[in-house]
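What follows is a single structure, written as structure tokens, with notes after it.
A, B and C label the chains in the order they appear, each numbered from 1.
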């Protein structure tokens, strides 16, 4: 088994099914867009293993606790790994994470976005290790996110030649 | 007539004049910045054909309806195409859209950002087609945008060698 | 003395020490991530010369004035130059700024984000000049930023071959 998949298995991580959106929603773009040697990852939210959006929903610091939102960020990492797996065929094609933009649906005055997005970064570093998994990052507070998801994350990755 | 321009003409789209900013505003950066084989597009808002900012202004979900904001996103697409045309000389130089970051000036609780930004994506796909026009995307809720514009969009594109 | 450093000295700019974070904060990512010929800069806030976060804190348009926030954006530019210097070894390796994403912690109704982020752009243009320093930019209003910083900025740069 290739290294990355052995790691995912050893960590007991489960990659979810393709995103299942609420009825009537049309998203006319791919979850991952490969251009040249880069993979551009669309904004993902937390998913259940069956692909449906994973709650709780609402603003972190009011409706959702930091600990729960960190778990949402972790689920978002798994959703992104699943999308990359489907688009790339193999996660082994990733030669390096470039940047991660972590958006937290934030109640007024909430300022602990980095703790929340650490739930994402920890999965990436666990799976890819410190060299390939290393990423530039921002973790900031959004006024609102689609469908009331507590966390949305987009990313850019470098692919092997 | 090159394919892209034939498409723009057939769709009846009008690319606006260069952005005309409110008096006293200094924006010390280009609307499009080409580096290597990439074009980086600065955040644009909706424009009138004469280049002036196009209203209505304010927060979507309170001051501006979803339908109207979707039209603002459509106007933003035309503004970006006009900037790309001016900087690149020809839209034919674009070999692929990489990523789009769609920002919606959102009232508290507004969570239909994807519907709004679809107004942008639909123009890009209509003009460039599904392969060149394909883009990764996020559509999220900002607390505030410059000059009270309802939508602001930035993007990254790949240019032909 | 190389050109860039002569410029920094002539302008009297002081690059701060590495970021010193509040106790208990874990940020599992680098401030600058080099991948291929690109440098991806993580979101930075304003720093004091000793590396500590620089106040005032809070929302621009309520707790912090435009003029003060512009100074925060200027300090953020110096913090990013310091991080680039540490990661790259020399700022002379930068062949061009690609894009800058300027985030302003914005009170409801505040819409003068471009004036604030001009404090950043002016430093970059002063130090690197109009060709290398040229950057695409967005300047937008976030609902909240980590630790209550008034400004956070991330960027992408092209490095010389």
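One rule holds for everything that comes next: a residue touches a chain if its C-beta (ideal position, glycine included) is under 8 Å from a C-beta of that chain, and two chains touch if they have at least 3 such contacts.
Worth saying up front: this structure is predicted, and the values here are computed from it rather than measured.
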Query raised in the report: Through what angle, between 0 and 180°, must subunit A be rotated so its C-alpha atoms fit those of subunit C, rounded to a multiple of 5?
Result: 120
Report task. Quick one: compare the interface residues of subunit A with those of subunit B and tell me same or different, with half as the dividing line. Result -> different
Requested in this report: Measure off the straight-line distance from the CA centroid of subunit A to the CA centroid of subunit B, and report it in whole Å.
Outcome: 25
Report summary line: Multi-chain touching residues of subunit C, meaning two or more other chains, are 101, 142-143, 156
Query raised in the report: Along subunit B, where are the residues that touch subunit A in the complex?
Result: 37, 96-101, 106-114, 118, 121-122, 125, 134-143, 156, 158
**Report entry** Residue ranges of subunit A in contact with subunit B within the complex
**Finding:** 25-33, 35-36, 38, 40-43, 101, 103, 142-148, 152, 154, 156
